[in-house]
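Both complexes shown next keep subunit A, but they swap its partner, so subunit B is in the first and subunit C is in the second.
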Partner chain A sequence: MLDTKSTGSKIRNTVIHIIVIGLGLACLLPMINIVAISFSGSAAVSANRVGLLPVDFTALAYKRIIEDSQFWRSFRISVIRVALTLVLNLVITVPMAYAMTRSKGDFPARNIYMNLLIFAMLFNGGMIPTYIVVKNLNLLNSIWALILPGAVPVFSVILLMNFFKGVPKALEEAAIIDGASQFQVLLQIMVPCAKPSIATVSLFSIVGSWNDFFGGLIYMQRVEDYPIMTYIQSLNIDLQELVKNAANSAALENVAELSNRNLNAAKIVVAVIPLLIIYPFLQRYLISGLVMGSVKE
Partner chain B sequence: MKKTKSSIKSTRTRNSLQYHAMVFPGMVFLILFGYLPMFGLIMAFQDFIPAKGLFGSQFVGFKHFAYMFTLPDIGRVIRNTLIIALGKIILGMLLSIAFSILLNEIRLKFLKKTVQTIVYLPHFLSWVVLAAVAMNLFNIDGSVNQILASIGLEKINFLGSNNVFRKLLIGTDVWKEFGYNSVVYLAAITGIDAGLHEAAAIDGASWWKRVWHITIPGMLPIILLMTAMNLTSVLNAGFDQIYNLYSPIVYEVSDVLDTYIYRIGLVGRQYSFGAAVGLCRSIVALIMLVSANKITEKLTNQRIY
Partner chain C sequence: MRKTFLKKAAAVTLAMSTVLSMTACGGSDSGSTKKESAPAAAPGERDTVTITMGRQTTANPKFPEGDNYEDNAYIRMVEQELNVDIVDQFEANNGDDYNRQVSLALSAGSLPDIMKVASKDELTELYENELIADLTDVYENYASDYIKSIYDSFDGRALADVTYDGRLMAIPATASDAGPGMFWVRSDWADTLGLTIDADGDRCITLDEVKEITQAFIDGNPEKVSKMVGMSFDPSLTATSSDNANMINTIAYTLGAYPRHWYENENGEIVYGSTTDEMKQALSLVRDWYQEGIIDEQLGTRTWDDITSLLVNGECGVLFGSWHVADWLLNNVYTLNNKAEFEPYVVVNSEGKVNCTHYKATGEYVVVSAAFEHPEIAIQILNLIYDDMVNSAELLEKYPEVDSYLREGVDGTARPYNIEVKSSTYLLSEYQELKAALDGDAAKEDISSAEERTNYDAIKAYEGGNGEVTGWCKIHSRCKGVDMLTYLNDNDMYHWITPIYPQTTTTMKTNWANLQTLEAESFIKIVTGTDDLDESFNTFVSSWKSQGGDTIASEIKEQTGKQ
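And now, the complex of A and B:
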């Protein structure tokens, strides 16, 4: 009896390990594939001969990126955009969240503001009216069109509020007795206490604005103004054409048309590197933030 | 006059002013990019011409809404939206729940951490990047088809076939998000009293029985909350993903509300019509969010917002 039980549990354990490792590989291998493509010769890529290892290893694609001025222009636009969005998001959400945690007695207008915030989260004007507003504010083709519409991430405000509520009242009261203003309480007590949740909110902001391609697509009319993801998306369209034409496989003969695939793969890899650099922080803060955000009182 | 008021009252007013100042910058942007577009929805009831603006364009009542329901497209678009979104929600939840239960069984710390690190990654990558990854894998001569061919199966035109494209959308989305979504379930499992499992094991309950009678009931509040939360996005089939993967040959099965509004309204410059479709979408989404919030509050004492 005991024996059969332990063999049973051994089999079960093996199966569980196989499934879990299998799912892990399912996430890992496609990434390895694109890296392998970026390091392969164009002929091998065009013939779809690249699997997990580079074929005809070459770093030529990366050499060509170094000289690609449009790629770096877009990369720089994205870096600037991420930095400005981050600063703006923090300057707006941190004080706002703090004021929103005050009691109605201290801040009578609190509920009005809160309702405005919540309603903006539940309902929005949608794609077209937002576009018209950005256009009428003369922001088209300006980097601010990529930054200002996302200036108030309501979810981040709520996440920060949840955190501020947990800061012991005594700290704050002591500071107020010492004559601190509300701004001083915020900057000298709340902000240092809330570092982890500020990190979470910052990372949301960074990942969101780095990854966004849609803003660039609708607000930027010239390729020179594209942020990195919009630029890469414009390259993907070439790939899409290719997929469409693949039905009549004559297109596959056209190696010249295909030879950009390894270059595009290399661009994608380089565009993802900034995220990989901050990935350890993402894991640490965003995942705790997710649990924090989903369990609200 | 202020001097006559008590000192408490004046501190309070001063504080209140400081709070207004803290909220002010955010409110400016919220009004500009949140509430101004809502006001702009008036264009759905006009023949809006950008040069004339909201105040100069002619009002046409419900013309665009009536027109919308005469179009054969709209039924197809709504159907696609619901099928794709529901497919993603249901399969995504099942896989994340199953994955979290299985991952919890892994005792090797190193293996567990490594797998977690890998499966969380796709969540943080843009669909622009993942679409390129997917197109390299799933094109007619891509690695997936080569594997199919090598085991004697027929090649599948994943990206260009009306039969499989929707499945590809659902599958790749589940793939992208299952890891990250499993985080909350894993947290719920960790919160279950280990004593329950031990007692059941001593009573001879098999692993399956324990999962079914202890783990899953223990996760139920979080599962209900996530179901309600996810169902609110049933009109959001995932613009970024679809836009980056679809092409006119598969519009039939993959054109959803957001891609439709984008193509017809924005690219096609039928602003009023696009705004009308968008308004319907936003209203339904609002109703769903409010009711989901009510339901979860009743069931789990938690709120979505």
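And now, the complex of A and C:
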């Protein structure tokens, strides 16, 4: 293999490190900038004076968030939504993926279901038909409108399937010979083996439903019912666009107060915190989960 | 990337399904719009009517704790006075979000009883598919004299906009003229540098003086910054209204060019202002200034926020903007630099007049569903909010919480209709009252508008030395900005152009976005480039015309011919 002591590889390693560190900084610096902006005075922000450290340090923006009752209401809605979505997704995808990895002898209609799944992954009903379905099920303005349309993430099913296929057949056969039922095989053999990929799938589910703003925009007809990302999106109005559209003076004043970039930055920071907390716990699984799923026997 | 795609996909699906579903609804609903309006019972004598509404909201409404759009002081007053129950079928922020909800309601076939629509195109579609009620009779019978007088102050332009085949199909919002884009100058700098602006005191300057002032600021560098920028503009350069900030509109207007406006020229032809010879002159002037360094050398890449920071950091001391620009843009300058003072001037044409375009009198509408049994309630709400609430002290005594809403400046979007219905000269008359009170000729209580009473307090407190930014802003926007509008009006200094505000034509639907991009890109290239001016402008005009401009012009001609 490579001789790590040779000058050539040293140079190569240094170059690779520089590139990787550069990429890392490119991801990190904008976030630090947002945090700095959120702690700066609004005039300093509008003067573009804030870099990586806050200027005119103030926590006023955070104080205003704490006082904003709608923010917390939306925050709570999002937390509930994420929890429900996660449970529902796992309850559906894990058994589904297990069933789909059974042999054709055990599950004759497997290919039909597989094709249906792939079809559903590639094509969807489009916004208006989906909206009408949700409306006619009387789900509008209910939290289920944000959960049920995404209850079966096909991509996650396929990811889990690939992982289940990688579990040695012998394990499963041994369990069956010992008298285990299919459910026992699933719960006691497959699920413990599949922890990394279940963590991966969970992370997708959490991040996806936390970050989704469009569903809230369509299915929630009142601002009070908006999940957090929809609420933040609705606050982020572009003053310039409004000026170009010749809005009246009162509307401009109102938005100028809001487009207060440090307040927006603070909202972004607060909204990202839950993901930042969850991510480190799942990250180690995420890497191994993706890799292990990719290697098949 | 994904977001843009989603947005585009959503827009396309929406557009298609709206069209499809509307054609489908058209048949079944036909005839219902022609329903005779029988004399309706007084609110107290009938059962409570439930009204479903589509409400356009804003992101920062400042409700008192516990109140929201569906349940606030205005709504409670309307519900009690008119014996109705208002239920919001949907609420969404202005812009795409709201329009999407309207389209979704349309395609799902469940129109609310009363809703706002934000474009004439939507209104026309609703009318053509017979989904909205004819309000001619209820307006005639129920609208108060005051409301009628407001609409009449627009010389018929407001009501004509919502009249189809002689029938009134919507309640229009009113939009008063915005006035010219003024030239705002850091007057504290002028004092420091000993610069005399407008020596004859007529508040008017010429384009040459604009250039001189800017040059003087560049040379003087009053705040000793590392690099002065003369004046800066937004990369799109021109805008759709007379008074937009950070645009070259004022320069163009002064030279007789009205970019992004359709109007009839002396020969009776319909022209698009951006393609005229005058526009070429305007671009030529801006280009000269750019080459001489009067205009920001980073023009084209400087964003709106960047320009704000130039002003805040004292690198730039002049800008073009509306009378209210101090309220939401220049306030940043004052916050960081309490010595900053601005003074507005108007730029006059060669005849000493101020060229200005009339704003379109409406633009937003409230429509009533054809299926709604009580269209008269729509007018009664109009009376209550835009007449009684403004003019009747007894009403406010009866509803003290409404009075406190008005005083505390809860956003107007909280009212059942998020539209303004004010006379064409409301700004000037409100300012007159404010000025009288400030000058001591009248008492604060004589000011009829709640907003101006708040402004009065802010200005008085600022004059008393509290240094608050609100007072500074209001002095600039009212005592300088609106004062200028009053001055122009009183001295008859306007040269008005009445543009045509066309409905979206067939070719506009397909080509307009491209034409707008072509225009913006060509203009910035002409100004910052070194190519021959005549040649590049002519290239722009000919490609603009061949890419649909000519077709659109003839379509608009047809449209106006029909009306």
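To be clear about the criterion, the second predicted complex is superposed on the first by the 231 of 297 C-alpha atoms of A that agree within 3 Å, B and C clash if a C-alpha of one lies under 4 Å from a C-alpha of the other, contacts with A are read in each partner's own complex, and residues count from 1 in each chain.
One rule holds for everything that comes next: a contact is a pair of C-beta atoms (placed from the backbone, for glycine too) under 8 Å apart; a residue touches a chain by one contact, two chains touch by 3 or more.
Small disclaimer: the values here were computed from a predicted structure and weren't measured.
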Report the partner of subunit A that touches more of its residues: subunit B or subunit C. B
Figure out whether A:131 sits in contact with subunit B (first) or subunit C (second), or with both, or with neither. both
Under the stated touch criterion, which partner chain does A:44 make contact with: subunit B (first), subunit C (second), both, or neither? second
Is A:179 touching the first partner subunit B, the second partner subunit C, both, or neither of them? neither
In the overlay, answer first, second, both or neither for which of subunit B and subunit C A:265 touches. first
Between subunit B and subunit C, whom does A:69 touch in the aligned arrangement: first, second, both, or neither? second
Quick one: classify A:17 as touching subunit B (first), subunit C (second), both or neither. first
Subunit B versus subunit C as contact partner of A:93, first or second or both or neither: first
Between subunit B (first) and subunit C (second), which does A:222 come into contact with in this model arrangement: first, second, both, or neither? second
Same subunit A residues contacting subunit B and subunit C, which ones? 48, 126-128, 131-132, 135, 214, 218, 235, 239-240, 243-244, 246, 249, 252
Please output the residues of subunit A touching subunit C within their complex, sorted ascending. 42-44, 46-49, 69, 126-128, 131-132, 135, 214, 217-218, 221-224, 234-235, 237, 239-240, 243-246, 248-258
Looking at the complex, which residues from subunit A come into contact with subunit B? 9, 12-13, 16-17, 19-21, 23-24, 26-28, 30-31, 33-34, 37, 48, 51, 91-93, 95-96, 98-100, 102, 105-110, 113, 116-118, 120-137, 148-152, 157-158, 181-183, 186, 207, 210-214, 218, 229-230, 232-233, 235-236, 239-240, 242-244, 246-247, 249, 252, 261, 264-265, 268, 271-272, 275, 279, 282-283, 286-287, 290-291, 294-297
Taking the touch rule as given, give the residues of subunit C at its contact with subunit A in the complex, in rising order. 6, 9-10, 13-14, 17, 57-60, 65, 68-70, 88-95, 97, 100-101, 104, 107-108, 110, 175, 178, 234, 236, 239-241, 244-245, 304-306, 308-309, 312-313, 322-324, 327-329, 331-332, 335-336, 359, 411-412, 420, 451, 477
Seen from subunit B, its contact residues with subunit A in the complex are 12, 15-16, 18-23, 25-27, 29-30, 32-41, 43, 50, 53, 99, 102-103, 105-106, 111, 114-122, 124-126, 128-129, 131-137, 139-143, 146, 157, 159-160, 175, 178-180, 183-184, 187, 207, 222, 225-226, 229, 239-240, 243-244, 247, 249, 258, 261-262, 265-266, 271, 274-275, 278-279, 281-283, 285-286, 289-290, 302-303, 305
